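Just below sit the structures, each encoded as structure tokens.
Two complexes come next, and they have one chain in common, chain A, joined by chain B in the first and chain C in the second.
Entry: the complex of A and B
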């Protein structure tokens, strides 16, 4: 039997253990000290507002005084199908994601295959991404206003019959909004997919080419399955975007109109809070939006795991 | 933009206006112009509001820091957000009526600062009173700032003359007016340039007020005692939509300023507006600008006027640490001498709203507008008395109505539904 309490040098083992403990304590202190600023920032900027929002969602609150109303704000949000109606706006954007996904993936593969001018196009596609949603929205608004460049161009090329009040009709207002969303997202999507494509071994693609797979078959049966994690990231970030981050684009482009038909939930949160001064109702809508986003994101992650993404 | 006006004389806080010691500096968020889009060389100091603030500083020693407010409803978003955060201006001038009263929980009651003599010098107190009853001084949350005058048709007399229309014999009925629009259209120019606010809040609201019988009817609609879905109001909605062939395309998504600029650019014969654009109208049309009242859709027009109010009001925030100075500044701006200077400056803004304002303007067009604004039959900003949610809905649904996406009866049904859904 050894003497576990003695070290090899004869010094008591307990001393070495205590040094280790002191070291690990010091490391722990350092770790906590390093984490504290981030935790404090997160707490102040994220968790305190979240908790406060949840608490105020059960009150009538004007920013100064609040009175308990229970589930009243939630009942109002569902009354008359208001929430469902607003959610339809988010759903239209959701439904537009496969379109931009396809455009991004095709553009990325074409650039990846180094078509003539690929360097130029890579920069051009990325340019709108550096613009904020507000800037993209203002550009769209200026271009598609009744006296804007698009109507003027249509008139000049003899298509004056197609001139319209783009923001005055729900269908055309949607077309402009989705177009602006696509334009802004294309660069980001292409960048993400090019990064993903660079990790695909070229031998795999070349082998499929030798085996006689055409361009589309290679895209859907070779490249896309290998890009599953990238696809997952692209879809997840864009689904979250169309659920909680449409405000800037909609605010400056259509203002939620015509007739509130392009108003997403986050836009109504703003209207309730800062135009109507009904911060309690706005808080309830924000909480519902958080729940909706959590559900959608969780479902997506589940599905991606099933199909093999990380 | 924020520029502090330094005191020309006297130490800060040593001044006095009305006997009490005034403290400062104060911050003023204003809608008065501090830039000129047609003359970029103009400095803020060349505008009346800066000069008036400088004179206040000279008189009292209190510095005034002037910042620009947005010209649309987001002015309230800015003030509300700042006030919730414990900040905001000491004093501001904003839209009156239900707009200003919508943020009353952040506002200092004004009744305590104004005696009956002060009040008698200004018109438009109803629009700053909660419940629109200025006799109750504890319900005053603002001070009327001039008057937006009347909302009228603005035109270039030469364009109308070319179309064979004589503005001196202006039609007073809708049908006769539409006959004139036909004549103007036949002359080759689009008769009307309308904006997204003018459509619901001038055109529709003016005629709405007429057919419901003025203030009483508007209040009945606000409170739900009367329905929008009413044959007379349906007729108004139909009459508004019937003007579409006479207007430039895209009215429902054109800002009112853009619509006015189309008139100035000669793209249309008429636009709707008030005091704000009259000086520019005269300047651009070289004295050939003209104003006319909208035609009546009710047999006798409107009886007793409507509680639309001044259009603009001064407010003082509860957060202000210099409330006495803020009120002294308001009184200074609204004094007869400052209002005379304002009128002479021809800066855009509300018209002088003092009750003694008979000879402040030399331009007959402005005097005409001011006379109409005091007319008992003047219909003025009925939306000022509607709840904010209902105003938003009216604006939103008007877009759909104007573009033919919904019928007039659907439009009114949606207004009823929104009004009924509002919490009491």
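Entry: the complex of A and C
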């Protein structure tokens, strides 16, 4: 998608100097006038709030009055190596991304290579992806409740030794949460990897087949390198998701428990702000999250730009 | 022989994965027509009566379901109209008009795509409470619109850039002013982009939990997903079948939207991922 060189501004290049200047000034005025409404909305509800969050992260703030405390909020967030603990749940999810990546890529390649009915599978795998995290979370809560379907199934197949109070222990609670995340991500992965695979010229793959390369070697040495942008997109969107979008899932499923051990950072900001009324330290945590996310989203935008042009 | 065996195993595994993907959805549908006692007696069994809509009836009376659905529809409708009306002119300016500061503005828009909701939540909350809109749909519409603007503008700008400028020039030569050019050339030609952007915004809003929970709390102005989330938080075991019915209602719209508009959704998602 490239823009034709000449036609971007309305005026053909041969007009006389002053006329052209007048036309381009009119065009600029029109552009500003039509851009202003959207700019105002973004300024009032996005840009000023971001600045306000950053500014208030250096204060003690109750929503009405704020007193400057310098780096106090950050110091207490970093104190005693607490930071890792604060980000613990996000890190657990982050560590789970390679697993779902492998599941998605292997499923996609197998579907692409060997299954004539791959469209059907793609649609079925995608269904959970359209559901809200709230729906998925409550579903997980019911399925894994002590009297739920999972324990009942374990009992019926003679594995009653594995029946457990899934949300009573941090480890199993994480397992259920990550399972719900995997369940919702499979469809996205398969969808985009199949699209990426269909863009690979079939001669390339055939050549490597003649080479006699084994399936796994072909996957890692031939196919994956050709899918680099797609893989990058998948990893980045999911890294960003597990950093900033876990609130809904955790809020309904574990409520952050047991004992606050499955609380992701956005949930913690919510609790500090809207339950404890400590808006200053909530802002500081939000700023930490903002900085981390901006790094990852600028990487994502670099990838997106290849599509959007400019 | 070996090839065939591999194929059987592969299709078997893929089918198992497909079963895992749909089973919880089936479980939800089946559970929603069970009685409480029946549900706990045998959570895995098929329902005794497939047409037992008792839970749905209870949902409508105890949970004010119609109101929640209506709220969501109104908020999403207004936010969608607002975000498209705001995004289209600025996208056209960014794509087809030249003006000083164009790159900076585009950079700001693109940069805003990465702002997490949590980083604007507190000031936005205080803003709407201060303006007298605390606990009302206005606040949700405002934040939803603002959140979706950067992504919508980015998408529309990319698509409008690809519009042949000759068509726009031709309309101008015919004496069409700005408004006429927009309504007779630009809008009709950007319908696919507008649909894709709308689907993204609508699913994001319909599925949103954080903004409705923070801005509307437990009031009667709540959205369906926000209502389901608050219900889920205090979920008592005897309510499981009732909850399954509620979940199915909340899930119906996105599932329908997906089944009807699969092609658009796929194209939109793939746009960022391939090339």
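Rule of thumb we're sticking to: the second predicted complex is superposed on the first by the 265 of 310 C-alpha atoms of A that agree within 3 Å, B and C clash if a C-alpha of one lies under 4 Å from a C-alpha of the other, contacts with A are read in each partner's own complex, and residues count from 1 in each chain.
Criterion: a residue touches a chain if its C-beta (ideal position, glycine included) is under 8 Å from a C-beta of that chain, and two chains touch if they have at least 3 such contacts.
Note that the structure is a prediction, hence the values are computed from the model and not measured.
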For A:276, using the defined touch cut-off, is the partner it touches chain B, chain C, both, or neither? Pick first, second, both or neither.
first
Have a look at where A:92 lands relative to chain B and chain C in the superposition and call it first, second, both or neither.
neither
Per-residue touch tally on chain A - higher for chain B or for chain C:
C
Which superposed partner A:128 touches (first chain B, second chain C, both, neither):
second
Given the touch rule stated above, what does A:63 touch, chain B (first), chain C (second), both, or neither?
both
Looking at A:145 after the superposition, I want to know if it touches chain B, chain C, both of them or none. Which is it: first, second, both, neither?
both
Let me test your reading of the model: by the given contact rule, A:258 touches which partner, first (chain B), second (chain C), both or neither?
first
Should A:169 be classified as contacting the first partner (chain B), the second (chain C), both, or neither?
first
With the touch criterion stated at the top, can you tell me which chain A residues are shared between the chain B interface and the chain C interface?
63, 145, 147, 274, 279
So, in the complex, the side of chain C touching chain A is made of residues 6-7, 10-11, 14, 17-18, 20-22, 24-25, 27-28, 31, 40, 42-44, 86-87, 89-90, 92-94, 96-100, 102, 105-106, 108-127, 142-143, 145-147, 149-150, 153-154, 157-158, 161-162, 164-166, 168-169, 172, 178, 203, 206-210, 213-214, 225, 228-229, 231-233, 235, 237, 240, 243-244, 247, 250-251, 254-255, 257-258, 262, 266, 269-275
Inside the complex, what are the residues of chain A that reach chain C?
1, 3-4, 7-10, 24, 27-28, 30-32, 34-35, 37-39, 41-42, 44-50, 52-53, 56, 63, 107, 110-111, 114-115, 121, 123-128, 130-135, 137-143, 145, 147-149, 152-153, 156, 183, 186-188, 191-192, 195-196, 199, 229-230, 233-234, 240, 243-244, 247-248, 251-252, 255, 266, 269-270, 273-274, 279, 282-283, 286-287, 289-290, 293-294, 296-298, 300-301, 303-310
Can you list the residues on chain B that touch chain A in the complex?
73-74, 76-77, 80-81, 83-84, 102-103, 105-106, 248-254, 258, 262, 388-389, 392-393, 396-397, 399-400, 402-403, 405-406, 417, 421, 423
Complex interface listing, chain A residues touching chain B:
62-65, 76, 79-80, 145-147, 163-170, 256-261, 271, 274-277, 279
